[in-house]
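Going by the order they are written in, the chains are A, B, C and D; count residues from 1 in each one.
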Amino acid sequence: MTTQDSTLPSSRPETAIRVGLMGYGRAGREVAGQLLSDPVVQLQWIVKRSAGESTHPGSNVPVLGGDQLDIARLIGEKPVDFVVDFSLPDACLGYAKTLAKKGIGIISAVSAYQARHLNVLKQAGQTTVVMHSPNITLGINFIMIAGKILRKLAPHAGVEIVEEHFKDKTEVSGTAIRLAQALGLEPAKKINSIRVGGIVGRHEVIFGFPFQTIRLIHDSISRAAFGQGALFALKQLQGKSPGFYTMEQLVSEAFSVALKEAI
Amino acid sequence: MTTQDSTLPSSRPETAIRVGLMGYGRAGREVAGQLLSDPVVQLQWIVKRSAGESTHPGSNVPVLGGDQLDIARLIGEKPVDFVVDFSLPDACLGYAKTLAKKGIGIISAVSAYQARHLNVLKQAGQTTVVMHSPNITLGINFIMIAGKILRKLAPHAGVEIVEEHFKDKTEVSGTAIRLAQALGLEPAKKINSIRVGGIVGRHEVIFGFPFQTIRLIHDSISRAAFGQGALFALKQLQGKSPGFYTMEQLVSEAFSVALKEAI
Amino acid sequence: MTTQDSTLPSSRPETAIRVGLMGYGRAGREVAGQLLSDPVVQLQWIVKRSAGESTHPGSNVPVLGGDQLDIARLIGEKPVDFVVDFSLPDACLGYAKTLAKKGIGIISAVSAYQARHLNVLKQAGQTTVVMHSPNITLGINFIMIAGKILRKLAPHAGVEIVEEHFKDKTEVSGTAIRLAQALGLEPAKKINSIRVGGIVGRHEVIFGFPFQTIRLIHDSISRAAFGQGALFALKQLQGKSPGFYTMEQLVSEAFSVALKEAI
Amino acid sequence: MTTQDSTLPSSRPETAIRVGLMGYGRAGREVAGQLLSDPVVQLQWIVKRSAGESTHPGSNVPVLGGDQLDIARLIGEKPVDFVVDFSLPDACLGYAKTLAKKGIGIISAVSAYQARHLNVLKQAGQTTVVMHSPNITLGINFIMIAGKILRKLAPHAGVEIVEEHFKDKTEVSGTAIRLAQALGLEPAKKINSIRVGGIVGRHEVIFGFPFQTIRLIHDSISRAAFGQGALFALKQLQGKSPGFYTMEQLVSEAFSVALKEAI
């Protein structure tokens, strides 16, 4: 912990946020890079699935792994304020209680949770700050909230979703399903899935009026956007009471504040 | 006004809104059609520039015109609750005082006002409800507000505007300029104007992040969208205190209400 | 026929093309306006379904109709070089033999033909010039041909079609089905149909490569585009031998000529 | 070259194409990966600017570099059929004569050539096969040719170009300028440049007609598309006589063949 600097603007925490990262796959690597790029965040360690120990390229952040890893001991040796999870669903079963007991925050962007995983995280939310969302990009959550508002403003407008992804993504986009649910649309009827080539990810919500059309479009350029979302969440969760939050809630709150300033 | 019917939902007026329309050009004709299509609105008369008297096709609404028209006498004979103005700037100089004295509301979508016109309307706003915006479509105003919020949420994102119109529109879109101003962008630098063929009107706001892009797009299909905007304004202005309002304010209010319901 | 004017550029026929129009619905009216706007075409008459006689607004072109109309007599009194048909499928059963016998050309843009209608038109093609396509806009036919070429250049690219139309269009776009067939795609799998609001008509063909995406997009602004297509066909068919042609063939020929000039 | 195998399809060379790659920056690395992925191509070596020797990750292809590198000796030791150049303009001054003398083909995608560089390559084209284009993606060249044809088919349509790139790209896209020139448009007037966030590269050509709009859009996903373009060029140049070619010419030829098959 560094000493307090009273000259910093109030929206910046006076001290660094110490973070541990679970998951070191394609998303995890990009997220690590983003966490390292932010002056307020101090990435302390990364946990990967396979055994072995190395450091993240261009840094001295240790990348640890293997079945023998003891999360309690790791936290004792290299304390963190938050754990950010981009690994697999079962990981939370191993760390949730330990982190909850110590009041360490949890940000999970794992997308394939079942009820038992969510229950464990909600339980942890009783004693620490927990946030989970399958898509934590600012863009998707912004479109979700703006879209929900437009639905209320114009309930008679027709709405459909188009999602485009690389050809090997066989299932319907989980983000599109979440968007559909948020907008009160039946996913099976209102989601149109395009699968061609190497499209990273594009989500479009089309609102059709008799004489005008509104389109809200999100284009993903790289998975590093998830790291930006994690940074946004880390900052928004500062000072929050224990509880179970979603990215949509965090963005909604910031949205409300911004709306008051904007009008 | 008739007696109150407490069984009606509060967002619906208990009786019809009687409306007079100024302007019978391309926009005015489309707006007349929309005003006639709404069960809550009763279009009482239309005023055009050229002399003569007829009725609007498919209705018995009189279309009156010419230099001799006496607006005070017209209102005495065929009373209205609101005047909707899609005519030329100077028209307001003729009707503002008369309407203000009688407490008749004014909705103006005239786009080329100078300071003296706006002053007259603001003066009228001291005793009656006045709303003015150069673009009163729900879509453009929604994008303006959502865009302002996104600017506050993500002040470091780059933003540009693309506006596309038919080739004979020689000037930069007034709507694009208004959008730029609302978003704190310098119009001369951040508006890109495409002029080809017969494009009715398309406005796109592009927010660029390092790893994702958000696009808010409005496509105009026909000028009848202005009539839908006038209907939205007529309903939102019901029960409002005298004052000078903009469409953006009305949509912002509805936006705030919808946001509270949505989150 | 007018007298020859040797000062006209060679790409312009030396005499006007006299045209009769079948069909006076939403498309027919727009087509009439376009035919009237071209200096090379002389619209001689319009045939509508319902009885009665009037003139097309802003012109002295007679609009004739009713069950009693005798097409042979009409042609005798007001001769034409081509009949353009935007009416219903059965109309061709009434006029095809008469026109074929006199060598009068036929351009049909009727979309719901069955085999028996096409057979009658193909029969007529043995003695006169006949062209039929369900969508005769230059844009759609250009995209169809460019898309077919790209399929051959890049057979491994994934391809999907998105078509957007107003909400009351319940069936899949016939144009999209034709596009799919031309591109060797299974319509049921590769066409995504969006139905919202008042979208006039948008067709997008997406070619996905591993590291790039190509989109060919056609936006309809109004049905008058069909009239422009009819004018293109009228000029391309000048001097052609009797036969049964499609719009795609005519555009392909012009495409070939343009390619030779372009490279 | 080995003996001919008459069972192979004619579009496949009977033997592998041996290739050397100049340039190992961001584009070069991606291109190396693509060249390695193709069964017909054998990447023999890579030349980089800085001194030192290593191998390309996941392969045993040597990466050689430094001022002392002798291209003639390298070719003698590790012969190639083609050199693919993604390095800097001056590189061609060093290799052109040597390759020309030996009849080794040259494919250059260097974008900032001056007249003296082009002269050297054209000189080499007198005795070997040389191809140069600043953008060798199939997509951009397809859009260039299709766009040129549409210009000829519809000379009165209005045309504008929109190009979108990451915010640090300060100059106008060279590809957009080339597109404008090919389409007979004044770059300064008809190119609209958007610079926001991290957009990899998007080029859109908009053709506006009175009643319809056609859009040809190319989205870049990654620089690996250049590698695909190099592979396309390598195959198209097989069996060609010595000469100076452009990617647009190669794609035009394939375009012509495909058009004949398509119609």
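Operating definition for what follows: a contact is a pair of C-beta atoms (placed from the backbone, for glycine too) under 8 Å apart; a residue touches a chain by one contact, two chains touch by 3 or more.
Since we're looking at a predicted model, the values are computed, not measured.
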| query | What is the set of chains touching both chain A and chain D? | reply | B, C
| request: Between B-D and B-C, name the chain pair that shares the greater number of C-beta pairs in contact. | output: B-D
| request: With chain centres taken as the means of their Cα atoms, state the distance from chain B to chain C in Å. | output: 39
| query | How big is the gap, in whole Å, between where the Cα atoms of chain B centre and where those of chain D centre? | reply | 52
| task | Name the residues of chain C that each touch 2 or more other chains. | result | 197-199, 209-213, 221-222
| message | Residue numbers of chain C touching chain D in their complex, please. | response | 137-139, 142-143, 145-146, 148-154, 209-225, 228, 248-249, 251-259, 261-263
| remark: In their shared complex, chain C is touched by residues of chain A numbered 157-160, 162, 164, 166-167, 192-199, 206-213
| request: Would you mind writing out the residues of chain B in touch with chain C in their complex? | output: 197-200, 221-222
